[in-house]
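Look at the two complexes coming up: subunit A is in both, with subunit B in one and subunit C in the other.
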Partner chain A sequence: MDGGANAITSKQMALYTFVCQTGIGSIVLPTALAKEVGHDGWISVIATGVLSIAIAALLGMLLKKSSGKGILDINKEVYGKVIGTAFNILIFIYLLVTASAGAGIFVVFLRISFFRLTPQLIMSLIFMLPSFYMVWYGLKTTARFKIFTLFSYVVVLVYIILIYKDIRPTFLMPVGEAGIVPLLYSIKTSYFAYIGLELIAVFYAEITDNEKALRWHVFANFFSMLFFTIVTAVCTAVFGEKFLPVQSITLFNLFRIYNVDVLERIDLFIIAFWFFAISCSIRAYIMASWYSLNKICKKKKSTFIYMIFIALLIVISRIPGDINESYLLLDIVNYSGMGITVLFIISLFISAVKTKGGKRYEKG
Partner chain B sequence: MKKVKILSLCFLCFVHLLISGCWDQKIFEEIGLALVLGLEHTENGEILYTMTMPVFAEDIEETMEILSTTSDLLRQSRDQIRNTSGKRVEGGKIQHIVFSKELAEKGIDKTLDVFVRSSENPFLANIIVVDGSPFEMLKMSKDYKDKPRLGVYMANIIRHARANAATPESRIYNFTILQYSETIDPVASYISFDDTGITIEGSALFNGNKMAGNIDFEKTGLLHALMGEKIQFGYYIKAKDIEESVSSDKRGVSILLYRAKRKIEASCADGTAPEIHISLDLTGIIDEIDLDYRLDEPDDKKNLEEKITMLLRRDFMNLLKYLQEIGSDPVGFGEIIRAKHNEYFKSVSWKTVYPKVKFDIDVKINIEFYGALY
Partner chain C sequence: MLLIQEKLKNCPDLKQKNVFIEEKHEAWFFYIYQNIDNDLLQRDFISPIINMTYKQLSDIKTVKNIPNGSIKLVYTTDEAVKEIFSGSAVFVFELIQYAISCKIDKVEKRALEEPSTEKNIRGPHEGFLEVLEANIGILRRKIRSDALKFKTVTLGKITNQTVAIAYIEGIANKDLVEGLYDKISSIKLDGMPAIGFIEQSIITHPHSLFPQFLNTERPDRAVAALLEGRIVILMDGTPVVLIAPVTFISFFHTLDDYSNPWILGSFLRAVRILGGIFIAVFMPALYIAITSFHYYAIPLELLLNLAKSRVEVPLPPIFEILILEITVELIREAAIRLPTYIGTAVSVFAGLIIGQAAVEAGIVSNLVIVIVAATATASYVVPSTDMALSIRIIRFIFMLSASIFGIIGIVVCTTFTIGHIIALDSLGQPYFTPFSPFSLRGLKDSFVRLPLKKQKTRPPETKTGKKVRSE
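Let's turn to the complex of A and B:
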């Protein structure tokens, strides 16, 4: 791959992480948490946020010691060519399946909200075409495009201000009623939303000002936590803990409750804005998997391979037969994401120890 | 790189030329927009589904089409209606869902399911209960020659009534949220009709999903104050209620109440009914008065305020008593107890305890001004 086409700044990487985490996560998170901890979902989000910030900081610190290399190079250094490549293939599969699961759920959201009868394949192709186009041009293009999603976040936050009358603070009370054990148990559910923090390890070699990467990565996770907390608390305070668990697209339902003169309902407009964030979220993983594939193959990007890659992505995204299976695939991705993050940390830790040992040896 | 560009371009052309939209495309000229939906029970237990659709055709005199059918499911009814209307009927712009009082008393329950489940349906349609048959009302509305089209007419009177706190803001989403909450009972607009028009009567009060009673528009204003919502309503007192000795030609006083500050404190002890203390700080204006008070004299003004306070307190207590009698808790006392006295709430069945709650209300009224006359 062309280094110039992939070069990004720490700030762009932070935005990449933030959009990747919040695009899809915030749509289903309030419902998933209401099923487990009732109205205390926002506490779980904050607790998981603190944990994810700690993990992000750890990743950032370990990456800082890696002499500017990404996890795909580090794996080969740490485990040798064969095992390292095997791990890299595992990472590629994880990234590809995550992108496919995201694409699959995106189509499910589209079917629930707008297009009930349009075939999935047509929708997958049409709505992912911009992603395929941008990913081909590299990380820099996809990262730059994420700026546009900021408008989606502003729209959502303004909308939340507009519906203040429908927010019942008592729906969030009594605070902590779920108890410590269920809240701790719910961290695994909340963590799904924070998946995406590991992408920095994949792209680290492309960050031009990587001395600032740690700080910006922590900021990204902090803002994700803030956004998730606002969305979860507002959804709970509007719908209540008993109405939330029966919903499948909570955030979109929230967009249905504001009445505007003349236009009446504005949900379609706001959902359309939010599709920017969702598609960017999926695109982040498409980019990461394509980038990994090129790193593993060590070849110049080829149109033929890219077509196969796209076909594979769409085929995997169509494996779930219904909405429940799509959520199941997301669950699998969630657990895999936790495992991959642990693998990253172990690899980076071994690399850091080896580097330190090497330096000491050189010094000695 | 060029190949990808060319392929992408070809694909886009293919999409635009051959698909030209999507499978969910709806052409405006071919669809019929349902604006008002009436629901009631038939004698055999099915739901009679009546709807109005505006007619947009120069060669047809009528401006509104009324269609009805019976079935168990709303979707089934819509599909049956599609077979007779000649248009693809869509519910995405439904503005009002009118339940017959009889159906509301039996329970709305999951009737609104289709509106919540399908995102093409509006979450914002008004929930209305009519004293009588919605089918009759919609049919009669065709004769309202001096009124705008029914959907617009109803939207106008409901909007104005809400601005005057004469009827509650009840839409599908907040009605459903409250139904699910189980600690706040929903309310709906309550209307009646005759051959001259539709009248806002006040509020339909629910106990769970069943309509349990109704109150007039003046009491709806008081209910809004108890609910801590924005108010702006007229409170009317007969001269005899202010002073028994007043001469019979005196008419009374009208006050516009336009601000309410509410505070609710609850105390719960095991084994006893909760005690709830409500403080209401009201602000108003004297709109009309036919009594011998010099309102520019502080003593006279204070004297009148005290009498109004006493009558307001009496009316609030009567309203609370009525709500307890019918088991309806639209104010959300149950929600306050659940949130602030959760241990107690879990130890009792709120619906059983609610009628026994001891209420105490402290009302204060401040008459800010009294117009251009003393």
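Let's turn to the complex of A and C:
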């Protein structure tokens, strides 16, 4: 193959970030926001989107000064070998637990939607198998797959057009009724959906055209905001603020409301298409954690270590017993994600100050 | 001399003609009787040599003046033996330091015929032959340019077969050509009865179901590939040549797509892709998934008919389909092995009688007959037999997965298959381009074929130095 097994372009990284954020995030976001701000969830999504774009831009700018290094290398440079490695292990744990939490919730969705009797372990193994396979081949393969998920997004957007008769814009009125304080408070919940924007820092060293990475990373977050806004607004306008908070898997329920002529039900196929996006979202974190592990260990990829890694991932994903515990784990992960993003920014900032901005350092 | 005779003992096809130079110095001509054109041998090699004196034979310049284009001097016993078995006649005279070899081989060739596995409507109706020189000649006749080059290598420790790598200088990527040459040169095998031995020795993913080199018997296809900047591998002893680098979608292309106007060509191609991929792979799996798990996805009227059709069938859908699919595979295999006239009769007999009888016996439902028949027909539209076989195997995996996990099983298999195809490469170039990595340039000749005017550039996977055609 051309380039290394992990070499990707900035466009691929942008798609990676977009799918990572929206694949799982859009499924339950409308319900979570409806519980907090009623029909004003879409405002919260836009406000958080603007914030996430700002954070993405900051990350991108700081990374630009890092002479093409990823956060795992920068940590070692900034904090020294021991503390830097400790931070890197912390990042690895965060990424692994996030991947496990995603896998756990994916299996819960499957159990609720399709397989009530199938053992969880079997489901985890079988349904994550393509992800394990692709991750083994590296970031390039994982990133290249993401282009096929765009079809899932097109399907969802077309579906939204098809259900235009069920969309009642009056359900979104009056705008801003929730008030400023609850809306500001809900930014925390909305931000959880945008988690994934920090992955660029992990993979930055692998981006072949990283001079364009900042621009594309901002685009990725912008499109995530756009998609979240559409989904949240449509879900609110279809279900209404009273019915929306009681939906368990909101997006899937949205897929069930349309009756097609002749075919009658198409929800099965749309849900099936959306599974591509969900699995891609989880795969993004599996790849990131496996990549970090290899960086920390500085070893060539080994089948034995990979097997242990998979076992660990599945074991952690099985910790939550039901959907509530799964959401709880996801909450923990989301808070950690916010913390990790702050850590990334601090590390990158220190690195930028120490090297006086990459380029000048290189000249010196 | 004794050394040569020792090496050539127990070779009854070998002719040793004893002659005397100047009527006193003993010498020998060695050749394989059946492989030599005896008239030419007599006229162009034996006669000139026996009329020469010892002094003349000792002078290299005089020897090289023998009126034959393939005179060659060999200096070791091994070399001489190799020449004899390559179809040359060798003159051995112990008083001179070398043996004289002359290639005047006679090879039985069949006529140029259209390959039975690669028919086309509007293109030429000729195929490659088993003789390497003839195949090189065919390519030369079609590409009359000094840019067409062949790098040859002798392979097979015992068989000593010649393999030629054809490419167009200035268009084909030099690194790819060199890399392929190195890979082929490093093959260590006793012999290669078929070109598949080369393919399997050099592919990077030997455990993959998907073919990574395109094989063809059609010179027009090889020429089209060369003009696009691809490399063609020819081997002595087989009419099949290999083309690389190729992409997944190129296995669904035929030359008729280009012979027809672009709308017709695109339509034919779209039908092939729709049939070869979507119907052949997904249709039986979807039937199993829907009838086993998601019956609510079937429209009510169809569901009632389906229920009526299945009411007398005691088997679950997976067994229903498997019984018929395996039967179809058996018929297909039998039809290939039997002579054409019996094969056709067997196909018709088995297809009609077994299908009808199976429905009446209550083993399968009517709808399954329709699905299996549509699937079998769809899998025939794939022009590459290698890809068609891959699709047939994948279909079984999809069916089994659908029978256990329903539609999610199909999603998992699809993800796995696409992931696998993305990870593949052909001669180091991404196999799933132009879809992933995405290439707008490559997309012009993928699902559809845009007009030739719009296809001014060569495919991206060839990594050609000359991106624009006719430049």
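Following the convention adopted for this analysis, the second predicted complex is superposed on the first by the 353 of 364 C-alpha atoms of A that agree within 3 Å, B and C clash if a C-alpha of one lies under 4 Å from a C-alpha of the other, contacts with A are read in each partner's own complex, and residues count from 1 in each chain.
FYI, a residue touches a chain if its C-beta (ideal position, glycine included) is under 8 Å from a C-beta of that chain, and two chains touch if they have at least 3 such contacts.
Remember, it's a predicted structure, so these values are computed and weren't measured experimentally.
Peer 1: Could you say whether A:E177 touches subunit B, subunit C, both of them, or neither, answering first, second, both or neither?
Peer 2: first
Peer 1: Touching A:G240 in the superposition: subunit B (first), subunit C (second), both, neither?
Peer 2: first
Peer 1: Pick one for A:F148: touches subunit B only (first), subunit C only (second), both, or neither.
Peer 2: second
Peer 1: Examine A:F222 and indicate which partner it touches, taking first as subunit B and second as subunit C; both and neither are also allowed.
Peer 2: neither
Peer 1: Considering only the touch criterion stated at the top, classify A:F114 as touching first (subunit B), second (subunit C), both, or neither.
Peer 2: It touches subunit B and subunit C both.
Peer 1: With the two structures laid over each other on chain A, which partner does A:A272 touch: subunit B (first), subunit C (second), both, or neither?
Peer 2: In the superposition, A:A272 contacts subunit C only.
Peer 1: According to the stated criteria, A:F349 is in contact with first (subunit B), second (subunit C), both, or neither; which is it?
Peer 2: neither
Peer 1: Under the stated touch criterion, which partner chain does A:Y133 make contact with: subunit B (first), subunit C (second), both, or neither?
Peer 2: Both partners.
Peer 1: Tell me which touches more residues of subunit A here: subunit C or subunit B.
Peer 2: B
Peer 1: Could you say whether A:E264 touches subunit B, subunit C, both of them, or neither, answering first, second, both or neither?
Peer 2: Both partners, subunit B and subunit C.
Peer 1: Could you pull out which residues of subunit A sit against subunit B in one structure and against subunit C in the other?
Peer 2: Touching subunit B in the first complex and subunit C in the second, residues 114-115, 118, 126, 129, 133, 264-265 of subunit A appear in both lists.
Peer 1: Which of the residues in subunit B come into contact with subunit A in the complex?
Peer 2: On the subunit B side, the touching residues are 1, 3-4, 8, 11-12, 15, 19, 22-24, 93, 95, 119-120, 122-124, 171, 173-174, 176-177, 180-182, 332, 335-336, 338-340, 342.
Peer 1: Help me check something: in the complex, which residues belonging to subunit A touch subunit C?
Peer 2: Subunit A reaches subunit C through residues 1-2, 12, 110, 114-115, 118, 126-127, 129-130, 133-134, 137, 141, 144-145, 147-148, 262-266, 268-269, 272, 275-276, 279.
Peer 1: Over in the complex, which subunit C residues touch subunit A? Could you list them?
Peer 2: 293-294, 296-297, 299-300, 405-408, 410-412, 415-416, 418-420, 422-423, 425, 428-430, 432, 435-438
Peer 1: Please output the residues of subunit A touching subunit B within their complex, sorted ascending.
Peer 2: Interface residues on the subunit A side: 112-119, 122, 125-126, 129, 132-133, 136, 166, 168, 170-171, 173-174, 177, 238-240, 242-243, 246, 249, 252-253, 256-257, 259, 264-265, 267, 303, 306.
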